[in-house]
Amino acid sequence: MNKVVDHVSEALTGIEDGMTIMLGGFGLCGIPENSIKELVKMGTKNLTCISNNAGVDDFGLGLLLQRKQIKKMISSYVGENEEFERQMLSGELEVDLIPQGSLAERCRAGGAGIPAFFTPAGYGTEVAEGKEVRVFNGKPHILESALTADFAIVKAWKGDTEGNLVFKATAMNFNPMMAMAGKITIAEVEELVPAGSLDPNFIHTPGIFVQRIFKGAVFEKRIEQRTVRKRA
Amino acid sequence: MALDKIGIAKRIAQELQDGWYVNLGIGIPTLVANYVPEGMTVEFQSENGVLGMGPFPFEGEEDADLINAGKQTITVNPGAAFFDSATSFAMIRGQHVQLTVLGAMEVSQHGDIANWKIPGKMVKGMGGAMDLVASAENIIVAMMHSNKAGESKILPACTLPLTGVGCVKKVVTELAVLEIKNGAFHLIERAPGVPVEEIIAKTAGNLVVPEFVPEMVL
Amino acid sequence: MALDKIGIAKRIAQELQDGWYVNLGIGIPTLVANYVPEGMTVEFQSENGVLGMGPFPFEGEEDADLINAGKQTITVNPGAAFFDSATSFAMIRGQHVQLTVLGAMEVSQHGDIANWKIPGKMVKGMGGAMDLVASAENIIVAMMHSNKAGESKILPACTLPLTGVGCVKKVVTELAVLEIKNGAFHLIERAPGVPVEEIIAKTAGNLVVPEFVPEMVL
Amino acid sequence: MNKVVDHVSEALTGIEDGMTIMLGGFGLCGIPENSIKELVKMGTKNLTCISNNAGVDDFGLGLLLQRKQIKKMISSYVGENEEFERQMLSGELEVDLIPQGSLAERCRAGGAGIPAFFTPAGYGTEVAEGKEVRVFNGKPHILESALTADFAIVKAWKGDTEGNLVFKATAMNFNPMMAMAGKITIAEVEELVPAGSLDPNFIHTPGIFVQRIFKGAVFEKRIEQRTVRKRA
């Protein structure tokens, strides 16, 4: 059983029009940028994309939005993307906005075989519309359901040939939960190492959640808000 | 005189307590981190997966893999920890974060808050705000008293789509500190030199004004 | 001749497929790990938090911090991973584990299983068994055909408190391989030299016997 | 704010008769053995203990059972402990047996502000008695509620002065979830290091979940089933 594939095109085999895809990342941090570029090349259409953000106009998922490859976005925050806002307000793009914590927990639930759970987030708002409300300890909660995807595409710092992954700093974000929730999970990594190279005590995503792994060719890692302080 | 953004941040920093874990939203709230009272240890959590945020990096030391929830490059202090988004919101939803400070477009006298959407005009999404306001015991809103059109943001009821209901405990604006309880804003403090009348005039919601309203000490 | 425990384990090992993640229960199931077919890679998961279990340690190299779900000291193979119990059962409940092999006191023709309690006499607890049987797509029970009193454990209905309902797909005993479907045990294979009549006699549940019942090839 | 305490007796301050306590560990692996011995010394009574197992007769929680300090056990497997079985069958001890995965998830839920969730585990068994059943994707699930505790006591390999913890191998088990679910969480560690000594990328339990931390005086780490192979 070999999970390692040599090229992104091989890794993305089987992704078809109309599928649901989860993509890790927060803003442009920790996004599977090689896979996104390949999806542009593939021209796959009518995708439902589950991702916390939608990239910016010319990077990340913004590239797929520009080419109208996305039918529906399931996200929590999309404020950085003008093309997104335009498509959404014009009705070209279906959008399901979800509280960030509920999005994270719904992905984890999907991967963990928990079909639904109660959370206080969104009670009394339009997020709660049509959802069951129940009071626990005097506080109203809404019932949220699990999210899964045909493919989950995540980006890790290092990965081994067994599919074990480790992430760096805040580039971890949604990647571990999405890795759990994909029927097929694809990991693009900066460093691909032999099994046994990673300390088994410090694996963020155990290989059981990963079906395919490849070393990304280029990581541009664009920064959205470069904030610095002057040296004294 | 009305406070500037730094003044608002300084006033909110007075609410901090030693040992607290605090989540700061984008904008004015972020500035609060610069004014932690001397001798006090406060850890800052950012919902994208970091505890123990430090100052911005020196020029040239930015790391694209290390950002805060506002997508700004940051650093971390010794003893920091990184974690995934589910764990991050476990901290928030599980009330392990003692204080949340965030901005708002509107706040109602019942503690409702709206800050994520203007129907037909602007939809940025709620991000982590709905989880934060639904979960935190202690929520302070940092914002301007009025919007750009000069209309009060301190209202009897929110007009915009809600982010959360009955959750805001305190509002700090350029003019005043308001506590929300029993369906009313209670005027606790006023900005140095700001007359009570101005605050009354600029507050659309039910405002309870005590006989003596102390000035903030910044 | 009826199989011994090793024979049962060997037969179950034939069910393995390359690349599968497998959870083995205490007792006979544990032995299955010794008979993975040549050239096949199978990863063993133990619900206390390890993936990639290897053989028992050499004497003197036992580590109290490294055990399997049977509390036995173990080792791990290169590429192993440790994780907490919630993540472990996320793997199980989320159906990331392709095969579960466990023991039982009773199995019914509807796929019900009982293996954790004898009212008033013995209560060890269900451990991870209830999660495993409720979640796995593919559950094989490894057990003796009869209990120590000589009574069949292959029943029309379980008499003991259930561990799970309608979940067992296959039973491998010292006498036979039985597939469970449509409310009956289907006799798939018999142990070498064991007559079909003996299996019929020792099976209390509804048993469907085809004209030809092949012998296991071990 | 100082989380570090010098002695176990100081760490356990505030634990009183009748309280609910979570204790990490699987079997005797990764149990807070110093704290358990201190609880024996304290003589605290009528405890409700949430722990996957109940120790053996003369180690771990078995020590508290021997002295009848425990009123109720919430566990998943107790097969190693004869005194436990005797007290349970005689009715001296209240026992709530929970599927192991549900126990883990209920602790996590307690720590994560999820008051209840659906799981397939236990459907159709006595575990489901009195619980709501709902079908998702054609499969029946039961509603399980969150667990929390007045105190959670966990055992870690290393911890820093901020309360950040790392665990070793399978001694991790229930410790991270229980650390989340305690109103006050106490960590006993083998090594206590200054803040900054642990790699922030590889923290198992972030310090926000830990209120008190101390270096355990002695770690006996008893082995239940010593299984070995002969050298060739």
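We call the chains A, B, C and D, going by the order they appear; numbering starts again at 1 in every chain.
What we mean here is this: contacts are C-beta pairs under 8 Å (C-beta built on N, C-alpha and C of every residue); 3 or more make two chains touch, one makes a residue touch a chain.
Just so you know, these numbers come straight off a predicted model, no measurement behind them.
> Quick one: point me to the chain whose Cα centre is farthest from that of subunit B.
Comparing chain centres, C lies farthest from subunit B.
> Could you tell me which pair, C-D or B-D, is linked by more C-beta pairs in contact?
Higher C-beta contact count between the two pairs: C-D.
> Can you work out the whole-Å distance between the CA centroids of subunit B and subunit C?
The computed centroid separation for subunit B versus subunit C comes out at 55 Å.
> Could you state the distance in Å from the CA-based centre of subunit A to that of subunit C?
Between these chains, centre-to-centre, one finds 36 Å.
> Taking each chain's centre as the mean position of its Cα atoms, how many Å separate subunit C from subunit D?
28
> Any chance you could list the residues of subunit D touching two or more other chains?
105, 108, 112-114, 119-120, 167-169, 200-201
> So which stretches of subunit C touch two or more other chains?
Where subunit C meets two or more other chains at a single residue, that happens at 76, 82-83, 86, 89, 92-93, 135.
> What pairs of chains are touching here?
Here the touching pairs of chains are A-B, A-C, A-D, B-D, C-D.
> Which residues, counting only subunit D, touch subunit B once they are in their complex?
These residues of subunit D touch subunit B: 1, 108, 110-114, 160-162, 164, 180, 194-196, 200-201, 203, 206-209.
> Report the residues of subunit A in contact with subunit D in the complex, numbered from low to high.
Checking each residue of subunit A against subunit D gives 105, 109, 112-120, 134, 136-137, 141, 145, 166-169, 200-202.
> In their complex, what parts of subunit B are in touch with subunit D?
18-19, 21, 41, 43, 45, 51-52, 76-83, 86-87, 89-97, 135
> For the complex, which residues does subunit B have touching subunit A?
Interface residues on subunit B, with respect to subunit A: 46-50, 55-74, 76, 82-86, 88-89, 92-93, 112, 120-131, 134-135, 161-166.
> Subunit B touches which residues of subunit A in the complex?
Answer in residue numbers: 26-30, 52, 75-80, 85, 88-89, 95, 97, 99-105, 107-108, 119-127, 157, 167-177, 204, 221-231.
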